[in-house]
Every structure is written in structure tokens, then in C-alpha cells.
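Next come two complexes built around subunit A: one with subunit B, the other with subunit C.
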Partner chain A sequence: MSSSGSITAEPPVLEAPPNAGPGARSYTNALVFLAPAAFFLGVWVLYPMIYTVARSFFGRTGFGEFVGIDNYKALFENDVILKSIENSAIWVAIVPAIITALGLIFAVLTERVRWSVAFKTVVFMPMAISLFATGVIWHVMYLKDPSQGAINATIGGVRSAFVSSGPIQDAQPSSPAIVGSTSKGFSLKTPVHPGQVALIGLTGIPPDDLPASAKQAVAPTATGSEIDGVVWRDFSPGGGTPGKVEPQELGIPGATVALKDTSGKTVQSTKTGDDGAFTFKDVAAGSYTTTVAPSTFSSAFGGVSWLGSKLITPSIIIAYIWVWAGFAMVVIGAGLAAMPRDVLEAARTDGATEWQVFRRVTVPLLAPVLSVVFITMLINVLKVFDIVVSIAPGSTQSDASVIAVQMWRQSFGGVNDFGLGSAIAVFLFILVIPVLMLNVRRFRREV
Partner chain B sequence: MNRTRLAFALLAVPLAGLAAGCGGSGGGGGGASGSSDVKGSISITGVWTGDEQKAFQAVLDGFTAKYPNVKVKYNPSGDNTPTVLSTAVQGGNPPDLASVSQPGLMKDFQKKGALKPLDFAKSDISDNYPADFVKLGTIDGKLYGLIFKGANKSTVWYNVKSFKDAGVDPPKTWDDLIKDASTLKASGVTPFSVGGADGWTLTDLFENIYLRQAGGDMYDKLSDHTIKWTDPSVTKALTTMGQYLQSGDIAGGTSGALQTDFPTSVSNVFSATPKAALVAEGDFVPGVVASSNPLKPIDGYNVFPFPSVDGSAESVVGGGDTIMMFKDSPAAEALIKYLATPEASEIWAGKGGFSSPNKNLDTSVYPDEITKTTASALATTKVFRFDMSDLQPAAFGGTVGQGEFKIFQDFLKNPSNVNGIASALEDSAAKAYASK
Partner chain C sequence: MADMAIEERPQSETFAARLGRAFAHGPLNLFLIFVGLAWLVPTIGLFLTSLLSPGDFINNGWWKVFSHPSLATFKNYSDLWNNTDIPHSLITTTEIAIGGTVLPIIVAALAGYALAWVDFPGRDWLFIVVIGLLVVPLQMALIPIFSLYNTFGIFDTVFSLILFHTAFALPFAIFLLRNFFIGIPKDILESARIDGASEARIFVKLILPLGLPAIASLAIFQFLWTWNDLLVALTLGRNTQPVTVAIFSQLRQFGANIELIAPAAFLSMVVPLAVFFAFQRYFAEGLLAGSVK
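For the complex of A and B:
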């Protein structure tokens, strides 16, 4: 039961006696009818509320340890709780407005499309899933590893259409004689001259990454005006000697090797054979650099850190909006259906554009419904809990934390400090009061 | 109304019922020594549920076969055990015996005077259990707890093929581990998998390093917070730990590891295309492998003890379920004595999922080689210490998103910030111990 229950349920209790009229009998009748509701309200609402307020002035060990307002001070001294208050403020500022706006847009648009029922069903469907389950689903979709998280898999898929992909995923220089990276290419530090050899050994390549055609690498021999070389996986079990071609070390087939002169201009380019060997023929005298081109490698997409400390709150908010936009759409849609059509037609007849009709007629007429949605979402957002716990991994739970999560954490979720937990509960209750008063006033007006 | 109170109220009602149900059976019986002369009935509330409950029931059946006139009723209460027991003790109606996973709980009950000492079985227990385990059950010189079921958290699990491809053998020392890591990396596989989304995997790693580097005495002092977390021994251990947490050596890098929960950290190592070569976690890893990966023990995955740091002796950080006694009776005493025997442990060990600290247990009863390795380390290790984060106030050592878990995750983000992390740990610990 939510906080709204206690206050919205009170007016009938207060109004009952005047209606009962004079006479002890009708008074008893009223009491008999009120007793069950009053009993449950007392047990489930009133007593826990008073208990919580009282408990918030006592320490961890119980009612024996009076601490005054220390728990309330701790609210504003504890970093984790402060962060959760800040996050709750972000939620309140952003989420109800976006959900109401989205609901309004969906509701107005679905009035005009042919497949509106199908569309409405799809948008409303997330409401049928529990928030916790929604959180679990989104958690998996947000995972960083593109082979696990659907969202990063999509981004990676789109990206691979634009970024070149070579046969080898990752590599590192095997010795200090080689410099570079997979994005810049690997080259020998010292220049080579015709008649010399170029040994470009790379490590960090999983054995399964090499094509099946790869053969044992062979150390090249230099001849005349040629530059001969080999690009190979410079690793044999146990490590081997870096920079030396040894048994069990395979050549890297299909690597693009460029020969550049001192001005950085590519003179020749070739591909390695199955044993990783390459040859540049008829090279003019001079010094050159040999580079394994970046196109040999496909730089793997590591994934966007949706669940990392920076993006976690926006990520959760997106999931939350996904759930509640349908609710807003349905409620606003109902309001729209009940709206007098003649007003809209009158406006159109008077020459108003569709935008003017929407802005000047539809929205003002829908204002009461919009405010119901907005206030409902405001209350929901203040007590948002399960989706935060289920989406945020442990490492960013404190970055994603909101007040309700802290209320649980500090009391049940590990800390076991019911005093502090109660203080957070009371604080949350105080935050909800203005919204409740707004709601109650609106109820009164409507009645 | 608010959520806290509602949840508490909802919880309290069934718990009170449970508590009332599980106490109250008390043992009668005569004082004679013959096994059929011991009469009475015993109630036990414990953490073991499901398969563990069945296995423990088999142990109890072994007891009742010996003592036909004793009735034993086991009430499983799983994760709720602390609440169930606290409520029962508060209501003055505890079970005869109980098993709990939290060593702190035994101390709490002892302080309240709710526990009966097990000194009558002192020789049975110290004959069968290593000194460190007896010490863990001892408060103020009196024995109150028997750690019947142990857990070994000083194990490292590796992908056999990755090690073979790289031509490395399981390392015995920390330096070898770091050296093997660079060889593994050169062979094209990321060496380590870290489940950084769960803070406890990081505290386990720290505790293993700290126990080896600083020794058992310092470990005890740090557990009690009689030395500060800014102590040089801590910063030294953090520096060592930093060698393990280098972003290039961890599957997914630092930011990936922070989002990797424990089961995924295991899958990373044992999936069809492994993302890492090894994962350092406790003896519960094979269960995760079995549930989600095709690899088989020995050929596919294997285990080695957490390597020695700076020449340390064989040490184990672990956990365990402690049996304690609330009500004294000849029947309850007989059961405690029985549970201390190797026979009792062998019954459960043969069924699997059990590591016994009992040093006289015949290790051939363990169902497979891997369990035999990890379990026998408990009984033979030179030094055993309980998982430190379980000994600390929960606000510091056991809460997601704050305290030790959170700060070690910050350390994973930036492993060079040793001093900053040490003082953050000290700040958080000081607050938690002050309000304990």
C-alpha cells in the first residue's frame, strides 16, 4: 500500500458522523461499518507510520539508544545517501515530464494511424511485465560485451559496416624492436635497406584467430635488391624467444605489408603468404620502413558501458520510460476520446492549423488528465525501487541509487540500521506530502 | 505508510510462528553412557536446504541408527536462519542445536548468554579438527561452535586448454602467477577474469593476498580493526593486488570487469571461446561451470591452490557453517560428539557438495578428484582464516554499493590509487565499527 492511501482515505472517516444524523443507533451503525476499515488502516498504516517516526530517533540497537536527530543529520553526511537524494531529484525533474509528453504524443498520433490498436497494444505491453523482470531484461540488453548485450551488439553490427575488418582481431608487438598498434599498424623501429630482412613478430593473437591455411613461419634470407621478411605469431608454448622465428610459430597469412620510404610515401605493398613471408623486389637503394598495415586487423568493438557509473542513471530512466509510456498513452488516450469533438471542428472551421488545434485546444482541454498522469508518475518516481536494484550491477548500485533503495539498503539490505532506515523513510514521506496535498486538493475540486 | 515497516511486519508474523514451532522439544533422557540408554528428542534449526538438507538428514539418520532412542527433527531455514534464531532466542524458545554461516552470530548469542559450551566434546573436536577451526569456535577460552562444513576460498580455476596453448603450468608463487599472466597474454588469451560487479569477489582476492603476505596474526588484527586499514601491511597487499587488476590483463578491461557478475566471470573462462584463462574464486566454482558450460573437470577445467605470496606457508581463506548448542541434554551432547567424528562427515562427503575440515576424514570418500583437492586443503592447511568480510560489521563488509565492496570496486577502477583506497577503507571501517 502506498503513502497516498492513508490520506486519501481519511475524508470519508471525517465526513461519516454528520451524515449519520442524530440518534445513538445510527451512530453505532456507522461505527460497525467503519470498524473493519479503521482496524486495517490502524494496523497497516497508522501504527507502522507512528512506529517508523519514533524509530527514526533511535540508534542501531533499538529503542534503548536514543540519538535525537542524529539519523537525520546522517542523511546529509553519508555520501551514498546524498548521491541517492541527488539521483531522486534527477528522476523527479526529468521522468514525469518525459512520460507525460510521450504519452500525449502517442495518444494524439494513435488517433490518426490505421493500426492504432496494434500500436497501442505494443506500447502498453511493457505494463504487463513486473518492474523487476523488466529490470532483468534491460540489464541483459545493456551488458557491455557485444556478444551478450543486445544494444551493444546492434551498435557493433552497424559499426562493422563502416569499419574495415581484417582477419586478425588483436595483436601486440613481440619485442621492443617493433612499434605500433592495431590501429596504426606495426613497423620495425630501425629502417631496412635492400638486401636486408624484416622480422615482424606479433603476439597476443589467439591460436584460433589464424586461418587454417597458416603454416610454420620461416626465417627469410636476404638477396640483392630485395627486402624479404616475415610476419608471424611470435609465440610458442611457454613463450619462446621474442624476435626469433622458432618451431611451432606460425606465419600470419594475408597480412598487408607496406614499404615506405623516408618521406613516408608507400613505395610497394604486398600480402603475406601462408607462411607469413613477403618479398619486395627491385627496391632502389635507400632506407625504408616496413609496416604491417592496420587493414590486417579488425579492431574489436568493446561495447558502450551502459551500466557504468556515468550512464547508469540515464540507462535505468530509459527502461522506466519504456514501461510507463504505455500507461500514460492509455490514460491520455481515454481523455482524448472523451473530448468534445465539436470544439476541435469549430477550431478547424475557423481556419486553425493542426498544430494550433493541438496547442490551443487539445492540450488545454486535456490539462486535467495530463495532471493526473503527471502526479501519478511523480509519486511513482519518488518511490522507484525495484528497477534500479535489478538493472544496476553491484559496482554501480551506489551511482544509480535512489532514496527508496537506500531506505531498504540501510535497514534490510545489509547495513541493518533500522534507525537510519526509518529516518530515510520519514524523509521520503515528507517529500511525498506536497504531491499528496496537490492530489487531495484536486480530488476535492472534482468532487 | 512506508515500505520498511510493512515489510517488517509481514516478515515478523510468519517468523514468530516458525520460531514457536521449532523450539520446545527439549531433551529428557537418562545420564547413562550406553547408546541405547540416551533418550529424548532434539530439534535443529539450520541453514542447509534442498540437496544439503537431504545430505544432512542422511548424517542424522546415521546418528539415530546408533542412538535408536533419540528423535532428531531438522528444520531448514536457509538464508533466514539469523532472523529465525534471533526471534526464537528473544522469545526464550530456541532449538536445541543450530547451524549458522555467520561466525558473528555465534558471538552475539554467546554474549546474550543463550549458548551452552561444548566443552564436554572438547577432546573429540580437537582430536578431529585443526587448531584454527577449534579456535574459531572458541570464545573466552570456552568452546561454543563446531565448524562442521567448510568452504575453501583459496582456489584458482583455470582453463586447461588455455594453459596448454600458452605452455604454462599452474603457478605456485605469486611472482610465477604474474609471469604466467604475461605469457598467457602473449599467447592471445587475456589472463584473468574478475567478477567486479560483485564486490565480494574483490574482497576475497584481497583477503587471500593479505593472509599470505601479512600472516594470520595481522589478519586477525585487521579483522577486529585493532590495526587500521592505512597500516603499511594493507597498502603492501593492495600494491600486490594492483598487479592482478591491470586493465589489459582482465577480461573486458576494467570497465568490463566492473559489470561482470560472479557467474559471468566463471563463464568467461570456461565458455566455448574463452575470454580469460583463469578465475580466482572459491570451491563453489565447479557448480557454476556445471550449470552453464560444457567443460569437464580435469580435462576441461582444473584447480590450483591460491599461490604463495612472498614465500608464505600454505594458507586457506574460507568459510563454514558452525553448529552450536542452545539447550543442553544428553541427546544433544551425543549428537555433537557424533558430528565431530569422521564417520559423520564421511556420510555427507560421499554425497558431494561438502568440504570437511575434519582431518581424520578419509579423503577417498569425496566423489571426485577436484573436490578431494579443494576439500582436503581445509583439513591439511597450515593456516586457516575465516573470510574477513564476514567477520566485519555488515555496513562495512557486507553491503552492496558501500563500504568494502564499493571501495574495492573503486580500486579496480584505478589500481594505482593505493593510498587513497587505504584511507577510504579506514574511514568507512572506522564509522562502521564505531556504530557497531
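For the complex of A and C:
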């Protein structure tokens, strides 16, 4: 840019005589070269800007209905729009900062590994995909059911390593002979003695809830010092007789059964087999209670509702960061590559730790690049649209809404209020004006 | 011999030294592998989801395809190809993306040349106006252009979408090309002018060939931008549906028709990804040159 003439050095072209000298020739030439661009910018950008500003002072029906600043008041009175402005404020407050920080971290770290090109390619790749398709990608990742959504499946997997989950979720006693609940466990009312059987029938279990390995329950027989029993789904189509093991009634596999003595102390504990049967061997004489332990019923992980009203905005933000971190990394990485190495080396020679070099040398030297990334993201975040409409399901669209989405919905998405829509567009434009001024100021110095 | 050994050391580290370094960087490598996976997995997930039949999708996450490869089928794709509007929408997308790339580059190259190399009063002020327009949100134009297109009867056409994309590509394109053109050595242009070449000839024979790297960056950038557009086509079209809009119109029943949405979304990504991998360097350069947008 250094070779361009400065503003003050302009030749006084207008005073040149017509059709004589290079000035006039340049003027016609410039006109020819600039005309197409001027046409496009005039018709599609400048004229619409004036139109939209004017339109924002008129009502829904058109230019006949002057409403003053009512549309602008509506921005802050309409709950849906207000929510969108709030959401946009959240976006602006956190997204540019996180993306810039991540870009910086990735750029600095990749300099130290051999496979940095592969890493950069992978992280940069989402930039090529449309924000709309990104929304579809992340919608699938965020699905609530852990058997469908990968994120909840991962969380469920990690959780099950720490929380033991039982084979079934819910049950009730099938007959008055059994007392208890899923949280306390189920026991027979009457004590059992060695040589007796314990039939613990449960009902209220959805058929899908039983593990696939469940087999026909078998009524046990007990001998000598054993206590035998069965835990089973005491329900057959048509009802059957409660408390009795009947054909087509399945055992409950994997149920934990505890044998407690009269003081309430657990003497033995075992798990039921596929037919629901369990056995306690070598039980000393005395009376005992058999209890299906509460751990049998620990509830399964239902999944976090990433797409629900509470988390939808953070969820979309994560997906958006996934897209733009690569941009920040590449731009900051270029800044890093252009940095004078000897400055870093000098700091290291002086005994600075890697962290000190990063904090006191790298970051300050990168400040101009970091601010470019930050400002670019600020502008992009204000205009975010596609990814919001594609990730959020219909039920939480209004919870996820942002300014640009509201502009479209109020104007074209059924409401069709061009006055209000124009006011939202102007509001959006006002928000980017500081950046516009910044750009202009920066380049007035350069050209 | 001794000298040579010392010189060669950076290239041929001993195995032990290399191992030692790998260990020292172990946590860093692990962290970056984890990050890399987090960036890779979602896209793979969509692809595998697109291979599941609707019945299988209800009970099986896409990762089950790894343990049960038989779950994968291309039936969704063949159904999509035979029974839906998606193939046609891909053609529409291609038309918009090509037109929306070629036209703004021509217009911007002309303007960029004038702003860089033709002397006329107010040139720098004009360039500052262009810089000002860089950040104008296209939301400012949707309503007026919607009305304008209806008045002139060009609403809902590929051509009118291209015109809109052209206009909003211009500030960035002019900015990028003007800054590149101005770096072309002055001597080359001046000797051409002294030889009596017309400005048009200089533009075609000198500026365009010399500006090719910048034009290539811009082309990739602009192609991806128009290919990936949803908002403009959604607003200024009804039946002229690029693939993003075609999928959008299916989204209402998300989940119920995942077997359509997933493969369609993946198909819409194939061309941008191919362009990205083929021209990654130009893409990055375009980003760097224009990171004021």
C-alpha cells in the first residue's frame, strides 16, 4: 500500500482542459472501470440502506403509516425481540473472546508438534462447511437420548463408570406379601428360614425395561441350609395370579438380593440369574429377611437436554466456536510466524520461562493480530443466523433467537412487519458502526 | 568426519533423543489429539448418521456402525436422489455459486484496478467509502431488495440471487484486489502506458494475469460463501431453492425425517470440502488478506 499516492498529493485534475492530457483520459477511464461497481453498490447497498432507515419509521402497512420511533420502542418492549437482544449480548460478551483465546492457544501449541499441518487442517476444516450444515451436524450430536446423541452417550458412558446402574428402573410389589419401594428395596413381609423359598414378585415394569437376557422364571425349591428364591416380573398377559410363578413370566436378571438377619445386618448378598433365581448357601439357623436391594433400580441416564430451553444458547455457541476457532488459529498463526524469532530467543536466553515468554513477549507482540480477530468475530457474531435456525428445534427457537434471526422472523417469517424488521436491521447496523469507524480511521492513515 | 557429524545432528537425531522428546511432549500431543478428535468427530458423525436407515437410527447412535458395519446402507442416498428435490437444489446451488463468484470478481477487478492505478480526483475517498461498506450487514438490504425484486418481477430467480451476492461481495472483493494490484511494480504499468497500451489492454494483459493469486483466493472465498448461503436465498426466493433452503424447509420435522436431512446436509458439504482440501492455501491467504471483514 506504500506506493499509492497520498490524499494531499492528488493532481488538480478538474482544472485540466477537456480532452487534453492524461488527467481527462484518466477521468473517463475511471468512470468506465468504476461504473459496474457503482451500479451494484448503489442499487443493492446504498439505496437499500436509505430505504431501510426510512422504512423503520413507518408501520406494518407501508409508507402511508408514519409511526415515529414506535418500532424502536417495540424492540425493547416485545418480549421475543428483547430475549433476542439479550441472547445477542451473551454472544457478544463471550464468543469473540473465547474464539480469540482458543485460536491463540492452538496457534502457539501447534508450533511445538510435528503434525501441526494435520492438526491445523482438521481444525480449519469446519470453515468450509456452511453454518447451516454445521447446525445439522451439531443437532445430531446434541440429541437427548443417549442412544442417539453422541455427547450424551459419552456422558452416560463416563457416568456409568462411577455410578452403578441397575438392570431396571421402576417396579412395584405384585402382592401384599411384599413391602417396600424402589428407593428402599423390596422385602417379603414374613421372615424366611433356611430350607425355605422366597418368591419376590414385582410388577409395574415396562416390558422393554427388562434386560434382553431375561428368561422364563422358575419357582425354586430349597433344601437344607439353603435359602432359594426368585425375583421375577409377576405379570402375565391377562393378569395371572399375583405371587405365583406362571408361564410367560420372566425372571429379572442382575437384581441384587441381600439376606439380612434379625438385627438388620446383611449376612449375604448375591445377584439373580437370567431366570431371576438366587441362592444363599450355608445359612445358619434363624429367621431372615430377603430384600431386593435399591441398587437394582438405580435410574438410567436420561441425557442432558442440550437442545432444551435452558442450554440451547450455550449449545449453539459451542458449535459456533467449533467453526470459527480454525479461522482465529490460522490468522494468529500467521502473525506468530511473522514474529521476530530473535526477540523470543533473547527472552529465553535471559532465563525467562516459557510462560513468561508467552505472557510478556508473544501476546504483546501479537496484540494487533488478536484485535483484528476479535473485531472480525464481533461483527460475525452480531450477524449470526443460519446456525441458530438449524440447531434449535422448533420448540426452543424463541429461546435461542438472536437479533439477526428476529430481523428475519419479524420481516419474512410470518409476522411480515417490514417497519419493525427495518428497525431491527437499523439497530444491527448501529451496533456495527463503531467497527466501521475503526476500519475507516485505520485505512485513512494507510492510503 | 567429526565436523560432518556435528552438522548433521539436527537431521538425524538419535532414536533415544527423539523418544525423550516425544515423552516430554506427551501431554501436549495427547491434548492436541483430543482437540483434533473433537473437531473431526461431529462431521464423521453426520456422515455415519446419513448411512443409517430411519428404523436403525431410533435405537442406534451412528457410532454403532463401527461395531455393526451391516447397519450402514446407501439407501438414504439413493432415495434422496430418486424421490426428492435435493438433486435439483444442488444444481441451483451450483448455478448461484458460480455466477456469484464470477460476476463480483469481474466487477471488483475493474474497480480495484481503477482505485489502484488510475488517477482521478476523490479516488482515495471512494476507497474509504468501500472500506466503510465492508461491515454493513446484509440485513439492511433484505426488505428493500425484496420489494424491488417484486416490483421488477425478478423475485425468485437464480439471476437475481446472483446480483444480490455480487453487490454484497464487492466491498470485500474490491478491497482485496485493490490492495493486491497496488503491489504490482509501477515500472511494468508505466512502460506499457508509454508503449501506448490502452487501459483496457493493460487491465486484460497485465493486471488480470499478475493479480491471479489474489483472484484465486477471492474466488474460493466467494464460492464457499455463496454455496453456503441460506439467508439470501431464503428471503429472495420461493421455488428457486439452493440446497440449504431445500433442507431448511424439511427441518420442521427434524428427527422424523433425519434419513433425508442427514444425507442432504452431507451432500451439501461435499463440494465445499473438496474445494477446501484442493485449495486450502489460497483459502487461508484470502482470509489473511481480508480479515478486516
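Assume the second predicted complex is superposed on the first by the 294 of 447 C-alpha atoms of A that agree within 3 Å, B and C clash if a C-alpha of one lies under 4 Å from a C-alpha of the other, contacts with A are read in each partner's own complex, and residues count from 1 in each chain.
Basically, contacts are C-beta pairs under 8 Å (C-beta built on N, C-alpha and C of every residue); 3 or more make two chains touch, one makes a residue touch a chain.
Please read these numbers as outputs of a predicted model, since none were measured by experiment.
When the two structures are aligned on the shared chain, A:S26 is found in touch with subunit C, with no touch to subunit B. When the two structures are aligned on the shared chain, A:G59 is found in touch with subunit B, with no touch to subunit C. Of the two partner chains placed around the shared chain by superposition, subunit C is the only one that A:D386 touches, whereas subunit B remains out of contact.
Applying the stated contact rule after C-alpha superposition, one finds that A:V331 touches subunit C and leaves subunit B untouched. In the superposed model, A:P206 lies in contact with subunit B only, and not with subunit C.
Touch criterion met: A:G394 reaches subunit B and subunit C at once. Of the two partner chains placed by superposition, A:V218 touches none, neither subunit B nor subunit C.
By the touch criterion defined above, A:V372 lies against subunit C but remains apart from subunit B after alignment on the C-alpha atoms of chain A.
In the superposition on chain A, contact of A:A133 is made with subunit C only, not with subunit B.
Put subunit B and subunit C next to each other and count what each touches on subunit A; the higher total goes to C.
Judged by the document's definition of touching, subunit A residues 1, 3, 5-6, 44-45, 48-49, 51-52, 143, 148, 383, 385, 393-394, 404, 407-408, 411-412, 418, 421-422, 425-426, 428-429 lie at the interface with subunit B and also at the interface with subunit C. Of all residues in subunit B, only 1-7, 9, 164-168, 183, 185-189, 196-199, 252-253, 255-256, 258-259, 261, 264, 273, 275, 394-395, 398-402, 405-406, 409, 412, 435-436 touch subunit A in the complex they form.
Chain contact summary for the complex, subunit A toward subunit B: residues 1, 3, 5-6, 44-46, 48-49, 51-52, 59-60, 80, 143-145, 148, 170, 172, 174, 203-209, 233, 235-239, 302-303, 305, 307-308, 383, 385, 393-398, 401, 404, 407-409, 411-418, 421-422, 425-426, 428-429. Contact residues on subunit C toward subunit A in their complex (touch as defined above): 25, 28-29, 31-32, 35-36, 38-43, 45-46, 49, 57-63, 106-108, 110-111, 113-116, 118-121, 123-128, 130-148, 163-164, 166-168, 170-171, 174, 179, 182-183, 186, 199, 203, 224, 227-231, 234-235, 244, 247-248, 251-252, 254-255, 258, 261-262, 265-266, 268-269, 272-273, 275-277, 280, 283-284, 287-288, 291-293.
Of all residues in subunit A, only 1, 3-7, 10-11, 13-14, 22-23, 26-27, 29-30, 33-34, 36-37, 40-41, 43-45, 47-49, 51-52, 55, 106, 109-110, 112-113, 118-119, 121-133, 136-141, 143, 146-150, 153, 322, 326-327, 330-331, 334, 372-373, 375-376, 379, 382-383, 385-386, 389-390, 393-394, 404, 407-408, 411-412, 418, 421-422, 424-426, 428-429, 432, 435-436, 439-440, 443-444, 447 touch subunit C in the complex they form.
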